[in-house]
Amino acid sequence: MATYETALGASTPDTITLLGTDLARDVMGTVGFGELAFWLATQRRPSPGETRLFEAVLAALADHGFTPTAIVSRLTFLSAPDSVQGALAAGLLGGGSRFLGVTEDCGRFLNAVISTHPEPDDWDALALETVRAQGKARIPGLGHHVHKNGDPRTPRLFQIAEEEGLVGPHLQLFAAIGRAHPQVLGKTLPLNGAGTCGAVLADLGLPLELLRGFALLARTAGLIGQLAEELRNPVANDIFLSVDTNTRSVAPSQE
Amino acid sequence: MATYETALGASTPDTITLLGTDLARDVMGTVGFGELAFWLATQRRPSPGETRLFEAVLAALADHGFTPTAIVSRLTFLSAPDSVQGALAAGLLGGGSRFLGVTEDCGRFLNAVISTHPEPDDWDALALETVRAQGKARIPGLGHHVHKNGDPRTPRLFQIAEEEGLVGPHLQLFAAIGRAHPQVLGKTLPLNGAGTCGAVLADLGLPLELLRGFALLARTAGLIGQLAEELRNPVANDIFLSVDTNTRSVAPSQE
Amino acid sequence: MATYETALGASTPDTITLLGTDLARDVMGTVGFGELAFWLATQRRPSPGETRLFEAVLAALADHGFTPTAIVSRLTFLSAPDSVQGALAAGLLGGGSRFLGVTEDCGRFLNAVISTHPEPDDWDALALETVRAQGKARIPGLGHHVHKNGDPRTPRLFQIAEEEGLVGPHLQLFAAIGRAHPQVLGKTLPLNGAGTCGAVLADLGLPLELLRGFALLARTAGLIGQLAEELRNPVANDIFLSVDTNTRSVAPSQE
Amino acid sequence: MATYETALGASTPDTITLLGTDLARDVMGTVGFGELAFWLATQRRPSPGETRLFEAVLAALADHGFTPTAIVSRLTFLSAPDSVQGALAAGLLGGGSRFLGVTEDCGRFLNAVISTHPEPDDWDALALETVRAQGKARIPGLGHHVHKNGDPRTPRLFQIAEEEGLVGPHLQLFAAIGRAHPQVLGKTLPLNGAGTCGAVLADLGLPLELLRGFALLARTAGLIGQLAEELRNPVANDIFLSVDTNTRSVAPSQE
């Protein structure tokens, strides 16, 4: 007979524990939500500095205005206002490889390099080698279609990491890639914020397989903000109508 | 030509703002994640006391062990490990009327009473009237299938609300219902934690239509914890096999 | 120890059965997909006439161009092209009360009347009573925002039902409501196609709780068509950009 | 100003067209649901033989009993019975790389070989070369954990394809792989049904990027069957309880 083990939530008639602590007494009123999310993901309670850095990442990723995921969430809420869970879930489903994936891709990319070069003497040499080895392949986290001269989130994340003594190998390699790549690519691209978030999350020891999950957690808060704004100042129907009125019916075309 | 207004995220090549503030300078490193989620939902920055109470609610709702939503998220991750967003979205889709709905139902129920009785002289009299008016209908937030003698989260939420000076009409009415209902129902039921969370969220001025959304936000953090644990100590395949091996094929039966 | 019974798919090392029949020999190559969907839902194999009528309903609901659900599916595919399941799921999540709900609402509404008036002498009298009893409440299935002079799908569904001898009480009551309502409402509204589909599905004996499910099944085929077209002739990025370029950043406004 | 073109659904006040035809007159009552799904995906109306083969694939993939996706759908319906769309969407989200992905993986794998060897003189030689080139990598569609001596769906699909004159290069290569692989692998594995479905769908000219979509369409019908059965003979709560009662709370363990 299988037994299913968990260290997360558990309850008896008189108690509720979470992560081995008394939920009501030791978590509620004491542990912030970002801190709790970190703790749940790692089963290790973060330090105040780790929490601050982690929450800075979540803030950086929470909302970017009318992204496809925000539009999707609002349109789904328009169609099915009785199901808030459906509107949020639909929005999160856009969190795949293209729009929310950079954070995870960058964290994994840096981690793959570091795994095989655990304590490099020279970060710049390793970065140069890394950029060269990519050849024509894109380096995750490099470049931004809007912030061409620099993503304002990037220096802020490095600053907070330094203030908290949390600049680890992923951030170091990423910074070095920022210095080294112009030599190889012949042009200077900014280190984008989403990629820097991935480096930070990897340095914080969060599970690499779930880095995208933290972008999604941040985005859940953002999507609730989008739905709240939609309730006050609706735009989803206008978006739908702007598509509808500009639709042109054409003859079928086979592949 | 339609224009789409938003006060949430916005960016120019050199700046990123969120809620009218400079994201990198004034939010990242300064605003906690719970505080930010509140701010995004109301477009009003909460006080420290409001943030503490709000985060206590999120902690209360984050994870309850192997609930259906947790099982769903793990099984979906087993089937489609390439899509973390799908596993989280599938888990959230269980956040409907039955398992995560009490928070919203209770907040809305209390709010409906208060809307028509804005400043009652006597909360106990109003509670008695409210319980009587329900007849045989269930009062959302009353009773718990496990914590029959009291849900440990409930007194803690009242305590924090009192400490922060945030006991509003929803909590007052809910407390009074806790005192009044035995007289009508002939038995004493505990005020459950999920319902108390709804009363708190309503007192905090969060949008009633989205109360369920905050339960889902809390649960997103919990589900990431579930997936992280599944990666370390997998159980989803065992759950699947326990169903598979106990399946019995029967003849079709028409309705 | 719980046992889980099912009459649906089952397999042994040498056989696969579905609904008690040999899948490979007796279903594949013999049973059409609409017929199979009906059979799965009712555990009763439909007659050819029932299948034809059921498939006419699915055709009526499969695709309506750039609806919110189609836009959502395309935008999600743009954001997460690696997850076709996510794009389809996101599109289906808009199948709630507003855009795809009429079919179920109408079927349930008619069924509620018929349950209490199983064999009326006079459908027109019952319809008149029904319309009057609604007062100012909307009658599901009545009216269409585009097809104001009549929805072309409605007479076709009645015609097919008549050809197949499958005009049951739901269609009879719905037709009678079509005749009776002008007398009460003072204007003539068309019986819309989505509502007629609900009447047909209820007459076919499909489970009322899942009528929306058949609209979703039809829509799944439509959404695959939308994604296939998006691959050949992409528009999702243009839709996103048209929102993006018409966005106006405004100051936060509290509720 | 962007214009959005579509050849799918379109309507004017008096007409509804689908794929350039009159929906009510020329599709409803005439075109079966499988045929329509094919037509929507390719914008080409299939022949009766193509329809029969396509519907055989859909039947082969519709339901396999209590798979993770079926369990997920039932548990989500238990938690949120008000949202059928959520229960179906949650079930589909398990249609990723592991459980429903073989169909797409196999179709793409065969197609990649054929793209570079369009008209081979000798299928067996090409198959041998293909199997050898895989080295230790798994060949999609080869092997089955239950049907070790042969998947009953496979010969049936080949038979129907032959009857309809639709054995194309994907099926030919797949059959040849079935003959060639023992020579390389030193053991005989069956060609599984899901993989054969992928070969068939590719031969039918359906878009490779969406092969998984057809498995999901088939599964949507299956999941409606699961939910209908859950309504009549519920098991989801028993599944939940069997997990709940076998849960063991353990101490947190950090990664």
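We just call them A, B, C and D in the order they show up, numbering each chain from 1.
Here is the rule we go by: contacts are C-beta pairs under 8 Å (C-beta built on N, C-alpha and C of every residue); 3 or more make two chains touch, one makes a residue touch a chain.
Nothing here was measured: the structure is a model prediction, and the numbers come from that model.
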item: Comparison of A-B and B-D by number of C-beta pairs in contact, larger one; value: A-B
item: Farthest chain (mean CA position) relative to chain D; value: B
item: Gap in Å, rounded to a whole number, between the CA centres of chain D and chain B; value: 37
item: Distance between the centres, which are taken as Cα means, of chain D and chain A, whole angstrom; value: 32
item: Separation of chain A from chain B, taking each centre as the mean of its C-alpha atoms, in whole Å; value: 23
item: Residue numbers of chain A (touch at least two other chains); value: 2, 4-7, 10, 42-43, 65-66, 80, 82-83, 85-86, 89-90, 93-96, 100, 207, 228, 233, 239, 242-243, 247, 249, 253, 255
item: Pairwise touch network: line, ring, star, complete, or other; value: complete
item: Complex interface listing, chain B residues touching chain D; value: 65-69, 71-72, 75-76, 78-83, 86-87, 89-90, 93-101, 228, 232-233, 236, 239-240, 242-244, 247, 249, 253, 255
item: In the complex, chain B residues that touch chain C; value: 1-7, 10, 17, 19-20, 42-44, 80, 82-83, 85-86, 89, 93, 205, 207, 243, 246-255
item: Partner chain A, residues of chain B touching it in the complex; value: 2, 4-16, 18, 22-25, 27-29, 31-34, 36-37, 40-43, 52, 55-56, 58-60, 62-66, 83-86, 88-90, 92-96, 100, 146-153, 155-157, 159-160, 163, 193, 207, 209-210, 212-214, 216-218, 220-222, 224-229, 231, 233, 235, 238-239, 241-242
